[in-house]
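Have a look at this one before I ask anything.
Order of writing sets the chain letters: A, B, C and D. Residues in each chain are counted from 1.
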């Protein structure tokens, strides 16, 4: 298996490869964006999309060839101080000795392959995993909230790229690029025996999509057990993606309050 | 697709179409009713019937040709100050620049078609959606608490009215009227790929019904997986609707305390 | 349908039929027992066995021909002041104008028929209901915690007693007696389209049994979907009922703390 | 059935068999280990792996022929003061009159048979039990987080050892040894009609494994209902066990905070 420069990273501390002035410099990311990314982490945990594992990133607002992602830690505990910048090779730029995620290459390679993508979620969301390990049944949108799935989500099979004895993790650039290729121009890629990767044009959008990807999986599985399912048509998926997606702020505002423990 | 005067409303702010004196005038809704509607929103969120989406309305207590519904926001966050009056064309009367729900036409057209209806819930309640997308299996009451479903709930198929490429939303009067026609004289209409609409003779009744519509869906699906199901007979459904429905206050009192975070 | 003296009770207030000195008299129930019954109500709500409906009673500790049961209210809100005494005809003895449960006859008739029974739960517990409406699949113990179910739980079919158009409620002595007859010498009787009735030799035991009846139903349904199930043998059910039941205090102590909101 | 010296223990108080100086002596267990064991109890309860029943133990850090386990109580309530030392015959060494678990022999016999094992969980985790009672379907890892399950988990059938009328509990050394034999060199042994026993090389590892054993069971059952499942290969299971297991601290830190009620 080909190994990139950080492929052998075991999650232990990683020295910053590129020095970066911290705090207030012209090149640093917007504090609001960093704070939103921290909130996105905690929302996805509180909504049950991420557990102790999985991550969410956002493309840097001033450098399109960088992205922001937490240090190696549970998403539910992330605050702004835990956010690190990476280049598109997934090298940390200001880790300052903090350990980084083994699978940061998911993010770097998706941002490289998809200039239109602004935010990425990698999850082990429980209702989604079964659709990644049952290859014969397409994962398709069953209601308007999940129209963004489109016609059907592709499945990334790591065995096709790296053989039959991997740890299933995306631990180098080559594996990240192969996953990005499976994703193609889509919004959701299932990962066999592992989870899913979901993309959006903003943090708010990718959080919305990650939550309703899980919801769609639960509904599709349940409906299939009742009888033959009427899926969204291609036209419905396209129209509803735009119109329903325009309401994502309503959900973000609610979920943020829930993640902050402000609701009963 | 025919579009009513607010059909193109994208959720952005809507100017009040009809001026309405605020506060204490003879024509204004009872403050208790407004407060109950706010509570109903929060109960339905807390009970898992509504998430960031869906809504509940009540007919105006002084003007039978008006109804009350929150501004465009997550139901779990609604308070009395967020309630807006609408006429039966679903025009907001005192929005004062606040944005309104795209799907308010569900409410206006059901109130128009059903003079006996005092309150309406539109939900995406998770166990109910599968029964809307599996058209071959009728949704029927399996226990006394859901007797109000009657013989079986009809399914509204938006494709029959507006073709195969809609966003599935009820965004104008024509679609609202078609949904109301599917509902007929019933209590619950399933909406394919979308959710359900439920009606009652009071806020308390419609909240009770929305909660137990979700409960019945979970039980029916589960029972069908075990073996052949004995449903409520038509006579049982009719008798139990009256006698069980008479106990709804007990539930309202409990759920209100839960929604207010007053129980462990 | 035969109607007892309180059969037409609609949950509205009921005057005390038999006067009873309140507080400290020789005949009054132990304050500890009354307090335990209030706690049992809240435990069963917190554990998801009761929702706004269902009830738990205990036989009077000084008068074997009386029992204690809350007034008509949600179990999760019951405190000691809400407990009322009833005779075995299910007449309230000290209601003092408070409304009583329509289905108190479940309790009165079970205590009459089963002198060994000290406590009774009537629940609509969600995993149990499907086994009451699928008559072809016996509800049987699948793990040691639910050994008390014995060989299989019988199903009470109200149609056999009162025809095809009832409200499914046990609203008079005749229906209560028929249910008690179905229960026989057992511990659990399923009620078609309604719920279950569970008995024990103490409040602690009946609470333990009601929680694990729900647990067994979830496990049996889940296991049946995976493949052919190995149930507890008759010998295992008998032995484990005694040995596992002896550990019920451990659960009661935990559940009480949860019901009181004392655990994270 | 052969009965060890404590085989007839009914959960009532047990006098200390071997006197042991309490507090600060050279032979006593590390206070940090005792505290971690208390935390492990509360984590496993909070994560839904243990309810009022089940237990977790750790091998003594100074005496490889002893282990630490709580007194007979609900795991969710355990603090450091509740931890008792046992020898490998499962005799309590410093119970001081406190009652002990009927099934402590699970722990003693596994530590005896498996010198590499440092920590043991015995659970009745709800998604796992169905796989123990359906003998025809192997329990296998479906995602990287549960790679430690290996090829498939064996099922312990108590009838093969002690006949058809036991209480299913592991209440003596002989039954414990038989269970340990079924476990063999593996990580998870299912127990028919009862639960599972899971082992690890540290408390952190066994907690991680117990949580993801439950997760794998839920996913495998769900996936089997959708269609034919692609399981982890033997090579994937081996590689991922090491690489994913190395991230267990991330989960422990999160779960500890949840168990302490420090997260919304």
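Please note the rule applied: a residue touches a chain if its C-beta (ideal position, glycine included) is under 8 Å from a C-beta of that chain, and two chains touch if they have at least 3 such contacts.
If you're wondering where the values come from, they're calculated on a predicted model, not measured in any experiment.
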item	value
Turning angle required so that chain C lies on chain D, C-alpha fit (0 to 180°, nearest 5)	90
Same or different contact residues where chain D meets its copy chain A, judged by the half mark	different
Between chain A and chain B, centroid-to-centroid distance (C-alpha), Å	34
Centre-of-Cα separation between chain D and chain B, whole angstrom	48
Residues of chain A whose C-beta touches two or more other chains	225
Touch-based graph of the chains, sorted into line, ring, star, complete or other	ring
Chain B - residues contacting chain C, complex	142-145, 147, 215, 218-219, 222-223, 225-233, 235-236, 238-240, 242-244, 246-247, 250-251, 253-255, 257, 263-264
Chain B - residues contacting chain A, complex	10-11, 46, 51-53, 72-74, 76-77, 102, 124, 126-127, 129-131, 133-137, 159, 163-169, 192-195, 221, 224-225, 258-262
